[in-house]
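Paired with subunit B in one complex and with subunit C in the other, subunit A is shared by the two complexes that follow.
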Partner chain A sequence: MSDHHHKETFVTKYIFSQDHKMISKQFLVTGMFMGIIAVMMSMLFRLQLAWPDTSFTIVEAFLGPHQTDGIMNPDIYLALVTIHGTIMVFFVLTAGLSGTFSNLLIPLQIGARDMASGFLNMVSYWLFFLSSIIMVISLFVEAGPASAGWTVYPPLSALPQAIPGSGQE
Partner chain B sequence: MLALFYIFIGVAIGVSVWQITRIMNFRSSIANDKDNAAQGKYAIGFLAFLYAMMIYCLIFMNVIMLPESASFEGEHDDNLFNITFWLIGIVQFIMQFLIFYFTFKYKGKEGQKAKFYADSHKLEFIWTVTPAIVLVGLIGYGLWQWNNVMDLSDAEDPIVIEVYSQQFRWDARYAGADNTLGLGNVNFIKGINTMGVDMSDKNAADDKQVTELYLPKGRKIHFKFRSQDVLHSAYMPHFRAQMNCVPGMVTEFGFTPKYTTEEMRNNSEVIKKTIGINKIRRAKGEDPYVFNYLLLCNKICGASHYNMQMKITVVEQDEYDKWLSEQPTLTEVIK
Partner chain C sequence: MTLWLVSMAIFIASSLIGALNYIVTVLNLRTKGMKMTRLPLTIWAFFVTAIIGVVSFPVLLSAALLLVFDRSFGTSFYLSDIFMSGEVLHYQGGSPVLYEHLFWFLGHPEVYIVLLPALGITSEIISTNSRKPIFGYRAMIGSIMAIAFLSTIVWGHHMFVSGMNPFLGSVFTFTTLLIAIPSAVKAFNYVTTLWKGNLQLNPAMLFSIGLVSTFVTGGLTGLVLGDSALDINIHDTYFVVAHFHLVMGVSAIFGMYAGIYHWFPKMYGRMMNKTLGYWHFWITIICAYGVFWPMHFIGLAGLPRRYYTNTNFPMFDDLADINVVITIFALVGGIAQIFFIANFFISMYRGEKATKNPWKSNTLEWTTPVEHVHGNWPGKLPEVHRWAYDYSKRVDSNDDDSDYLHGQDFVLQTTPLLDGEEPS
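Right, the complex of A and B next:
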């Protein structure tokens, strides 16, 4: 069997891999990483929710200008809820269920050698990776991260004057 | 308490990292009888923990529940809530026992093989039809209640009130003597006409714009909702009522207040809650809290969403009439 395989380099085997098993592991690790970020956010805003007028050094350390004396500002509270929700739904559940489990199990269950298009599968992961980075970077945008809730209902999410972080292009 | 919280987070993160690294060592080992016996005991331990938490929450978290419904229609919402709650509660109590006890009882043993049991039509029939009947009952009651609140065609002499939402305030308009609201559109907003009422419409002449809701006890109120900017949601928890306010359309529902604000303040549940709230407020040196019905926004609508509310006062009919007659009509205000 191994004679038929062409030689895999480190890059083709671990980074730009077209093998569904490796891609599912990539999804798993990225999803877990995003999960940790999202849970950290929920810890922060739940701290605020549970003790609304207590000053927290952890809030001060993480939120910089988005807090006053260790108490979270209302707009960053909504932003954290929004980004937390979005990450949990699209970057943890999606990565975990379709990215990891479907990718790993379906070819094995139906007895196929791999997904129909290994190349597209690889592109899919790397687009996901790119969007994960953009999602996290959005926290540091000057006009503020998206704050309209993960449901992104317009007009709130579409009009720049409706809420900080909305209607950015 | 806080230090405990930090320690808990630290321990949780530590345990998860430790567990993830441990998985790597397990790849080649298979569980033996000793492992299975231990896991079985953990399952029973978890069952006990789960039951303890459930009972604790049922008894001690009860304080955060709303007091009894302040509208006649809301009684059915409470009914539906209680029926659903007890159904789910009982099934949950039994199911959790079965899941964890069977995990313990039928744990893996050396040389023991699982029995292959393909299917039983009788069993499948029972577990399909029973939930189906129960769900049809629940949904049927829910649909009936939906129509009860939404269908105002046979309401006798309802009071028509428009509630207008914008970032971040509520305004209300009473339909006046003719009980018909004048047309409204965002294009008519100008100066003091903040609700955008079409003053050329003759129905608008006797409309009364207010910033606080007064409702008479025992009369059906027909609410109409509009929004100026984004989606809002008019939420009146004590009356078990909520409706989205959508820019560009009118949504509506109705309910009949059951208790005046004064009567509700003397409700035993409300008294208990008020004492609890005031104990906390006193410790902080804040003014004491007095119960009032509230209209809140229940859809994230911007930075000050949390603070978007309007006071609702329910009074007897004569007091309501007196209050309403004191409010100026739109013709008097908007010349």
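Right, the complex of A and C next:
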């Protein structure tokens, strides 16, 4: 809001920035990164649907413990579909789209110096970043990622023993 | 799974904080002369999106928290009478349908949280690149608000086969089909804006037109799925997958791409490469239809979604070849996104330097300097005198051969009205 220029360090300018233009870029790049993960997942499970009995080196490379001889296990197929849906709907098309363009355009198109609260705007991005990291980590836990579909209907999702992806982690 | 729930809970907190910020900013920080009825449609879309988010996301948070309780602390909100591996579990009295209600009370508005910003971006880009005012500005605002309201009372159409009262199903069918009205208003307004426009077919415009196309294609199958009687046949088949991918997936992604191509000069001060943009657009739209068009038919043939393999069902053997075709389109389409990624990152550093207003647009963001400054405008904030869509305005509005007002086919919002000019 103010006209006085305080000195900006690398950290306040590019990382913990409160400027809406920088935050919108952060949302965009994080959203694109999550998008790449989700699109690659969809390509993996499309491979499975087209050639269910064929062995692929790429499946072996990406799915590690969740494949046998280059053919993905049924559980990981469900997990891929689940996480693809979750990431695309929430992380790319909600946060990536609204986060980028609401942040960029609201102040610029209504003629404001910045968002009403630059600080909360920064908090919003970093919570999004944290949730993205947790979602990515969940791909690597031993029990496997969530696999009850992106809608996570109970009882499948509510009972840890119901399906492997619903396990202890 | 617990990590999924934790991640989503944090995500919801993030989007609530963001949404409240957007609402407050739009209501309170508009510059002098920027009445609500002079806002660009992008802002209207973001504003209403934020409101739907605030209304519906907390419900998902509560649904997720109750699910955490059921998973980890032995409560029975969603569970009852469960037998597993010969064992009777202790859960009593809960209902999984409760979760479905809570989830879809967010889940359906979420579709519009995804779609409305894309539609807002499209409104702005189509108007700018048709060099014409958007057709039916007030009708657009009205339909954004109608969609937002209706989106909160249609969640039951995801649950026609959940065992809920069939009478309730017909109520949800009615409210669902009502959404077709404001959606059609928007689709027709886009087409009418394009009609006889002076089209500038740059990548952003192509993606916007692509959005209108997929929005209509996907919307039409929504009429089938929204009907509680017809839905039973195709519930949980690839028909559903095709429908929602086209209407919200591909449409929203196209809106996002359109926005990136259009506002990249504002974000990074450089232009994106047009040729790569054209390649990206044409491969993407052909592959998008190549993937989802055949899915309608395998869905009608009964192929269920979320199956790992269909080789155990001889009745689906005929569909195996179509699945191969879909996969080939999916792989090509997925790999073609490299055009975009490469274009994005290379243009960020090597792109042609952008001018202040590369698309000859009316809105305020194009009056800011190319190099970002803290506070957006050096010196005073701009003052607004007109709406955002004075494109190709003539001196004599009844005579298409008269000169352009101000000698150019666009008039910035900051330009004061001339004597005798009718305010818009």
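Some notes on this structure:
Keep in mind that, in the parts below, the second predicted complex is superposed on the first by the 163 of 169 C-alpha atoms of A that agree within 3 Å, B and C clash if a C-alpha of one lies under 4 Å from a C-alpha of the other, contacts with A are read in each partner's own complex, and residues count from 1 in each chain.
Everything below uses one rule, namely that contacts are C-beta pairs under 8 Å (C-beta built on N, C-alpha and C of every residue); 3 or more make two chains touch, one makes a residue touch a chain.
Because the structure is a prediction, the values reported are computed rather than measured.
In this superposed model built on subunit A, subunit B and subunit C take up the same space, so to speak, and clash. With both structures placed on the common chain, the touch criterion links A:A146 to subunit C but leaves subunit B unconnected.
Counting the residues of subunit A that each partner touches, subunit B and subunit C differ, and the larger count belongs to C. In the superposed model, A:T54 lies in contact with subunit B only, and not with subunit C.
Touch criterion met: A:L127 reaches subunit C, while subunit B stays clear of it.
In the overlay built on the shared chain, the residue A:A112 is in contact with subunit C alone; subunit B does not reach it. By the touch criterion stated above, A:T9 is placed in contact with neither subunit B nor subunit C. Applying the stated contact rule after C-alpha superposition, one finds that A:K21 touches subunit C and leaves subunit B untouched.
Stretch 239-247 of subunit B is the one among 167-175, 239-247 or 311-319 that clashes with subunit C after the shared chain A is superposed. Put simply, subunit A uses residues 43, 47, 51, 74, 78, 81, 148-149, 153, 155, 159, 162 to touch subunit B in one complex and subunit C in the other.
Put simply, subunit A touches subunit B in their complex at residues 43, 47, 51, 54, 74-75, 78, 81, 147-149, 153, 155-156, 159, 162-164. Touching subunit C in their complex are the following residues of subunit A: 1-3, 5, 19, 21, 24-25, 28, 32, 36, 39-40, 42-43, 46-53, 74, 77-78, 81, 86, 88-117, 120-121, 123-128, 130-132, 134-135, 137-138, 141, 143, 145-146, 148-149, 151-155, 157-162, 165-169.
Listed in rising order, the residues of subunit B touching subunit A in the complex are 2, 5, 9, 167, 229-231, 247, 299-306. On the side of subunit C, the complex with subunit A involves touching residues 1-8, 10-11, 13-15, 17-18, 20-22, 24-26, 28-32, 34, 39-40, 42-43, 46, 49-50, 53, 67, 70-71, 78-79, 82, 84-85, 89, 96, 99-100, 103, 107, 110, 113-114, 117-118, 121, 248-249, 252-253, 255-256, 259-260, 263, 266-268, 306, 308-311, 323-324, 326-328, 330-331, 334, 337, 341, 344, 363-365, 368, 372, 374-377, 381-382, 384, 388.
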